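As structure tokens, here come the structures.
The following pair of complexes shares a single chain, chain A, combined with chain B in the former and chain C in the latter.
Now for the complex of A and B:
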């Protein structure tokens, strides 16, 4: 399957993978979100070219599918960097210096929240609560929680050293 | 063989529990000692995580917080025999924070292996479902009603009444939906339970299915909880193999199926009708009510939608009786409430106690004050739409009505503590900003009002005509409160106005700069 190769090379678009995912999940009750999650996970984002394919298979209008992709923060229109750093900006983390951590990370990576570094290594995102509010400030690096987060612990997590 | 317990809960992992577990396994192997390593959920005493427990003559002795680098020293100190060590805590159940709790919903969390159905049953699991299977549906609903259980997702609606409506609704197909969107900042009890005792939720949902005549359920889990989602999926599979789910649950001839679904990063999808839209594959926008979801919910079918804690509390009600549950609590707030202490608090964690405990007891006695060691100045109870309160209100008992009477809410039970460095004007601004970011866009007061509110608060913070701008903020709050379709727009005024009313000094920038001169 051409999945991983397509994710690496963003100009390419793996229509076959999208069709395979959508056909595989269409039998679920309410299949659209599971399909979009699977496409997003496998191809790194939900390419605009995936929308008509999914719409056809589910018998939905393109506008409907497009509207859903646009509504949810999780579905990316473009690939993220190699590592995804989500930093919590909600109240319990604010109470423990979370905003200072956000600023520190923005300086460290040289990008504001919501962007990807030029070398495409890191995408920095704001998130509102990770359910780790007793060990705040909290962050999530490539899907793994980091508690009592600081720049060093986040850098270590990016380098693959678990907390 | 000696059993050693290390949590596999995401919060425990976030401070190094995985490395500790590996170090214990490696050290035991190097010393030729046979140990059984059990990965549990968390007890919810987060300042002690990673919390390692060793079983000695049926009693679990705790050590925490433990770092991987401490493991060699623990072995040298003979911790497997309960040896003395600076991290030693004695019997875990005797730690005052835990000993003073009344854990019903969280009775097994942190104790059992959450992947083992046998362990679940050995610790009292499935008793409630077995009872329910021998009862008439109406009797199950009556038990839930008599227990006094109210929804733990925020609104506190009586659960039995909701179930009765669904039981009475006609239809060949009905659904049970578990709301595990847990978007409120400062809350994590849903996550803790999914990772520490997932069969308890499955059992509660199966009981709900039997009670109202539904054979299919969904657990809608926020995507910020990937670990909990995997745990839940695995537990559902295990439950299916073990006969707790499927066409013939526990050999009763009754069917119940369950699927875990992932949200996609939208706070508004915690609101029940937006959640149903999302499950159906649409944008998470609020539906007009009526019809109630109980009459026309998921795919237009009668649907029970409850918070995860509500559903996970049902097994203990059925197992021990409605009266036993109802005996806890005060006034119209019956039973226990899992409170989550969060933010700038020394002993952050889960406190499940009968309603009636005061806010001050929670923050000072359980929480031990702030983590920074500075004075507590404010707490926000009930998530981002909850009120900011000063310590002067610490005598408020934990009770839905008592909180409402003072302009606050219990919500999902999150208590976020702030020390005296907090600026309530910035917190009020954030409340508007959060509403602006998460608004579903359906109604104008919320969509536009929140953006205007944040801009106006910026002016107040700059000291730009603060009095006139604060009047404008109050007006905006009134419009949002009265003109919003759901509680996101409708309750954003709660944190804003409580901050202004209880902490006026933070909004008077002119006075502040004079004082600084």
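Now for the complex of A and C:
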């Protein structure tokens, strides 16, 4: 049942960083989301082993923290590849060929949407609207928007070239 | 709930008068402000279809089945989340609503197994009921789409299963775990179509934070969370409302039965101690009642080394009576006595002490309260005039500051703890005084403002320091003291408490609690609003137990925290009927209602009623009986439902005394440790097998009702009646209600109690008499029972039990959630999956210093004795203090405890024993010898087994 969390079990886990982040932000009103964002940003994902630590510091149950992590897809539960490619699959992008783009990228990287290539270079993910519908199909590579996305422009973004 | 006696109104009741009048389907109804439309409809007799709503939980509005139409409003609001408003006109049935509801049900059923006929919930399924109610006839979407029908089933909990394929994700279980139990072990994982109930982090229930209280099972509207007993046996056909026989919370339950087989126990919504909640023991751990170890035939033997011989009731009772008479003839009238049980009913307890006083002709009667709450009786009677807690449990919902001293409610009194945690989540502040970091100190949504982590044995120094702060910082309630308390005693106390040796800065060296923390806690208690003290055996089981009880009373009186809701001094009683056993005259010096045996008037009353002369001198306490046995002057003992060989301190002293007696009669469900030293065994009846009453920690008298016939043919009270008759003292009772009538006639605080009134009111808190015909939820309103409250000087006299080079650590003992007392019941249930053995908790520093790793076997030695246990390294402990439980006879925790006891009541000092711990690879000599002895002493003769 543990799914992606289990995959991360063997990986190194920086408990001290999680504790430092959680202790640093615990005083905020509604501190859980800011803490999860900070952990996700700094460590690349919210490891299952981070959940009990955060729960203890915030006086929550681990079930509660687990429920919040799972609710927001933006919180990764396993490390991403070196590059994170997010392709919009919402209505406007679907109308402009977004689904075909997803299929093309799945073939190109050899993985289904939601997974990471074996060489851990690329993680391919679906998102539902990047707010860039005017330039559908829209994508995001390593946090930077790619409008009028196609395979080449995305490959260029991964390679660090301006698309 | 096929056999439940109460309808579900959908959303919780709101307090207040019915001031909002509205119309439901043309029918007017008046409800308190804040009541939901759904509940208003239920009160008008109109059932609105629902799935996610139940009246034990706040409304949630997720299932969209309870939609209604309201005149003048657009759309179809959910009736569960819409508050009733004056003049509202609500329609619960229309073509539009029917279409909407059917559409919702279609979606649910498109992803639900259609195996109703073979489903465990068949006959008790709200989903099935709602499909019927909305007239579901087809599912247009078919059943082949994406679904959860193959979702895995979690059977890890021994008592219930979680079948995710049947889950409709209504969140009732998640909300029950949060709102009712307060554990927050469940959540909804993921979202959208992937939404699912997750225990912990998608763990098995058994591995999660779940404490198996059963609130989720109770709340589940489908077969998703179902008792394994129901899966195995099917739906119950009838139910009997009765009272749990575990802790002093005294939860009301419905025993749900098929014929005379219990199918399940469910908490009773109308129970005023538990309000529909339960814990793992009461809800699930009842299987001991029909365990194969139950002894159902009387047995006798000449010597404890002989095998037991099964005999008829007549022979066993006749033999016991003739032995007692023989011993009295030879050694004197005072050479025999008896022990009543806090596990048995008031009526049974009353009869045992009556038998001893009237038929034995002496006052050698005592009860297991001797070893738990006797200082409560002494201390509270001295201070206030009544040997009982001051509040009802509901009072905690009005407390602003809760001070928990020497109690671990989440383990010992879990249903009360759930209410306490609810109040703390609402904003009340918590102070904990305990040598261990108990769960309440830091648990989801609850954190103590102050954890006063004192050294065991220094309670009185701590309470004096707290009172010192109150008395020297101007925090006293002068008006309350002037109006309600004895001025002379107060003046003496004030002089005492203001002395510098009681200042927190002075006591810090003894208690280990920083002075600033004590000052802050005292200020919070005195100024934080209504402050309530809840305490347990961590207060009483000390050589200054009675002093500490009076110390707490001083603090409460000084701050005016008595005589109204939300305040008070509240003992959390260990056993189901400790309060009752004490009330019933089980102590050698007291008749029922706490009247001293030397007082002429009450004694004359009993002498007239019983037709005998009563001895005006108090008889022997349990420790006196044991000492006298070793002296050769006490040789016969009748023990009803108590296992002193396991529960009482300094086991080797207890067993030597038992072995020295000529006739020990044990009346119990099982061949317990004491039975190994017995000559007559009289089979007992469990709480399911008899009628009677229990009195819980809030003085609440509740009915125990026979659900199944006694396995051995007789209820315990019947056996006592026959024993009395065999002793030549006939007692003519046809039913326990007649015993209660006698108690009421002879006991002013019980004068108004009768089975008829109990049946009518549900339960009654004593005093119940002409002045308070429906009982007394809160005591000392307007004035103390003794007149003026008495301040008592509570000088701290440290125990003689000291650490030193040989025994450098302090051992303190307690209990855990899943096991209960000597474990006679819970060890014979699946509860042992949570606690299969007693372990020794030890701080990492102490462990490291001794080369002990987690899981190592360690020897635990004191000057009394030595045993061996498994070590658990735990930061709950403070350095220098170790902790264990006494639930398993093999672990022999009480081999180690000493015979030091409370100066006033002889309550043993279980909480402070100087010990040493060392790694070992073997069991102790006591354990090996005891194991061999038990094998011999528990043998039942072969001849009669063959005769079965």
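In this section, the second predicted complex is superposed on the first by the 152 of 163 C-alpha atoms of A that agree within 3 Å, B and C clash if a C-alpha of one lies under 4 Å from a C-alpha of the other, contacts with A are read in each partner's own complex, and residues count from 1 in each chain.
Assume contacts are C-beta pairs under 8 Å (C-beta built on N, C-alpha and C of every residue); 3 or more make two chains touch, one makes a residue touch a chain.
Since the structure is predicted, the reported quantities are computational estimates derived from the model, not experimental observations.
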| item | value |
| --- | --- |
| First, second, both or neither for A:51, with chain B first and chain C second | second |
| Partner chain in contact with A:62 - chain B first, chain C second, else both or neither | second |
| Touching partner for A:71 - first (chain B), second (chain C), both, neither | both |
| Partner chain(s) touched by A:148 [first = chain B, second = chain C, both, neither] | first |
| Partner chain in contact with A:79 - chain B first, chain C second, else both or neither | neither |
| Residues on chain A lying within both footprints (that of chain B and that of chain C) | 64, 67, 71 |
| Parts of chain C lying in touch with chain A, wherever the complex brings them together | 152, 183-191, 198-203, 208-209, 442-447 |
| Touching residues on chain B, where the partner in the complex is chain A | 10-11, 13-16, 18-19, 46-47, 49, 182-188, 190-191, 216, 223-228, 259, 261-267, 278-284, 299, 340-345, 348-349, 371, 380, 384, 414, 416-419, 422, 427, 430, 434, 437-438 |
| Chain C-touching residues of chain A, taken from the complex the two chains share | 1-3, 5, 48, 51, 55-56, 59-64, 66-67, 70-71 |
| Interfacial residue positions of chain A with respect to chain B in the complex | 28-34, 36-37, 58, 64, 67-68, 71-75, 86, 90-96, 127-136, 138, 140, 143-148, 162-163 |
